[in-house]
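Labels run A, B and C following the written order; every chain starts at residue 1.
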Amino acid sequence: MFASILENVRAKRPLVHNITNYVTANDCANLLLACGASPIMADDPLEAEEVTALSQGLHLNLGTLHSQTVPAMFASGRKANALGLPIVLDPVGAGVSAFRRETVQKLLDEIRFSAIRGNFSEFKALALGSESIRGVDAAAGDRITEENLDQAISFAEAFARQKNTVAAITGAIDLVTDGTKTFRIRNGHPAMGSVTGTGCQLSALTAAFVSANPERPLEATAAAVCAMGIAGETAYRRLSSLDGNASLRAYIIDAIYRLTPEQLENEADWEIRRA
Amino acid sequence: MFASILENVRAKRPLVHNITNYVTANDCANLLLACGASPIMADDPLEAEEVTALSQGLHLNLGTLHSQTVPAMFASGRKANALGLPIVLDPVGAGVSAFRRETVQKLLDEIRFSAIRGNFSEFKALALGSESIRGVDAAAGDRITEENLDQAISFAEAFARQKNTVAAITGAIDLVTDGTKTFRIRNGHPAMGSVTGTGCQLSALTAAFVSANPERPLEATAAAVCAMGIAGETAYRRLSSLDGNASLRAYIIDAIYRLTPEQLENEADWEIRRA
Amino acid sequence: MFASILENVRAKRPLVHNITNYVTANDCANLLLACGASPIMADDPLEAEEVTALSQGLHLNLGTLHSQTVPAMFASGRKANALGLPIVLDPVGAGVSAFRRETVQKLLDEIRFSAIRGNFSEFKALALGSESIRGVDAAAGDRITEENLDQAISFAEAFARQKNTVAAITGAIDLVTDGTKTFRIRNGHPAMGSVTGTGCQLSALTAAFVSANPERPLEATAAAVCAMGIAGETAYRRLSSLDGNASLRAYIIDAIYRLTPEQLENEADWEIRRA
């Protein structure tokens, strides 16, 4: 199922408009090129809407959120909705400040997202307005484990139904759901947490996958989550005794570049549960 | 001919002031250090002019253009012109929005550039105000091939004469011309297109080469284009079966770091045509 | 002595808030993760103070200084002072413009820093308001050598006492002093100067080390300087004949990732001098 999703990305080479943070923008651009998509970063309100209109999909990312950029997010989001283009939201650190909480709530109110990708703490901030105590990483009590899996799935499904979106809650176990069908995904490696921006990169990848497969947002998002996890596994296996997180960072992007549809199909580790 | 141009960069270590985008700024800085130059990035209008005055050259790059930064570009551009310092313009995505089209036209009206480096789509946008349909990459119909080479040369030469600059139109075949003498350059590798910012890096490199060789802007620009192409070839040969575009990105900068004047002289693949 | 300082970083995983430049932000984030800390970048005045309050330490960096960001630096700095959180200042290019000179003087007037990390030119600009002639790198006459070492130590000690801070002046020889006790450190490799942002990374590392060891700012800063130098030595030894500054960049971060408390203890090369 996932092979054809990656084949579509490679064949259609979607142009993905990113309004994102300056910390991981370079990695997002190279990850998009690695998967076969084409990136453009543009966040000035004077041009955001026009750039979205040239694109096949939009990725909004709240890292290093700037008040000057927020109007660009709304302009591009509305334009993408009007044109029927997929939008993926990454609510980076959604709970760390009133500014982010208010911005993300307003985005959820005014824009329809094809998919939202974040960690459990970020999703809780979206749903409950709760504050994070751990910056941009998931708080310790917000890790999805075998113990709280059923509860997390119920939460994710309710969120997805309420917001009419695909919710991708990533962590040790990843959940991707549209509210009626839920993928539990077990790809990935804990060492990915030592590389900044693997979450941002996954959100950009999701935007590319959904942009090239707009009629299958749930499967495209699940495929992107599996692809990123497989890349993390591949990259980790490649580490030498001298390599650390900087080499891992490059190897993850390299692994997406080398990922074949067959490898994605064969190594994706997922189960489906229907609500 | 090109050996002495690189030798001058290594000997003079020009300080290059970059007003550029946040996606590829780190790569531009490391590429400048790799070639022997010294980078400084500063884009606030409060200090841009002063920073230019400390520098030996200026690189203006339109990627992630911000309205707050535009006045800095004009202040630095005017200062560099007044001081006789070389300026290189990279009109990234010049056609993607009215904001970029208007900014770049105003820059062309008010600032004299030693060299302009872009793809064919970007140059067409400069010349004709045409809109791109492919973001920051050249549109499919805008690739320079053997078939449209003569037409592209005529266009480049007319542009260079009209703007009193060196035009460097890069693609599968690269053209560098001052309007009377034209280099056709065949270095490089298609895989460079899978690394974000190789164009930005080439523009930064051009700024370094021209800054260290201000009396020879045409040859310095052609040498920079050859150097970047040779680096791409060297980097591509180095790829293992696990390496992808992230490793290629590092290998290109490494190759510039290791590039000797002799290698540049010997591997540069160019022909001259006089108008 | 230094082993326990690194052990504390790994055990406490301090969240470090960075208000920094877009050129090296990714490297600072990965370096913080490499040492065991957790990074957050946030520079909008609307949220800076709240993000600081969630953190265990603050890193202010003047590279690519923006007028929009300056109020965030003051708000976060005051908040950190009020909460007793360590703050590390990196006065990148402090002398290059009136804007930076005035901002940094105002910061020194209103904020108490646990440590300030810069090159000799930058410290002279802090102390004397002198102008740099070499951008963000130390001017040639501002290198610390055996010849001017005593003079540099006297300068550093007077500065540290006057500002009630730890001064870390880095170069071929590094000086770390609180005004009464001075570390002379000889780790590091000249090739580190060919990688952009090794100074920024060291400042971020210092923020992590001091945040996890707030009662020992002098020793924590000296340990960070030694750790970064050892990482540079380790990375340099790893270079192949094809590797250049881009590979060196990754190897430095990798080396911090792999650095053990024992290695830091054994390879740190320092002497103490008491004033």
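In the analysis below, a residue touches a chain if its C-beta (ideal position, glycine included) is under 8 Å from a C-beta of that chain, and two chains touch if they have at least 3 such contacts.
Chain-to-protein mapping (UniProt): A, B, C = Hydroxyethylthiazole kinase.
Note that the structure is a prediction, hence the values are computed from the model and not measured.
A.B. asks: Over half of interface residue numbers shared between chain B (Hydroxyethylthiazole kinase) and chain C (Hydroxyethylthiazole kinase) means same, under half means different, so which is it?
C.D. replies: Different: when the shared numbers are divided by all numbers used, the fraction is under half.
A.B. asks: On Cα atoms, by how many degrees is chain A (Hydroxyethylthiazole kinase) rotated relative to chain B (Hydroxyethylthiazole kinase), nearest 5?
C.D. replies: The C-alpha superposition of chain A (Hydroxyethylthiazole kinase) onto chain B (Hydroxyethylthiazole kinase) needs 120 degrees.
A.B. asks: So the centre of each chain is just the mean of its C-alpha atoms; given that, what is the distance between chain B (Hydroxyethylthiazole kinase) and chain C (Hydroxyethylthiazole kinase) in Å?
C.D. replies: 33
A.B. asks: Which parts of chain C (Hydroxyethylthiazole kinase), given as residue numbers and ranges, touch two or more other chains?
C.D. replies: As it turns out, chain C (Hydroxyethylthiazole kinase) has residues touching two or more other chains at 22, 26, 68, 249-250.
A.B. asks: State the interface residues of chain B (Hydroxyethylthiazole kinase) toward chain A (Hydroxyethylthiazole kinase) in the complex, per the touch definition above.
C.D. replies: Those residues of chain B (Hydroxyethylthiazole kinase) that touch chain A (Hydroxyethylthiazole kinase) are 21-24, 26-27, 63-68, 93, 96-100, 132-137, 193-197, 241-247, 249-250.
A.B. asks: Which of the residues in chain A (Hydroxyethylthiazole kinase) end up touching chain B (Hydroxyethylthiazole kinase) in this complex?
C.D. replies: 15, 22, 25-26, 29-30, 33-34, 38-44, 46-47, 50-51, 54-55, 68, 238, 249-258
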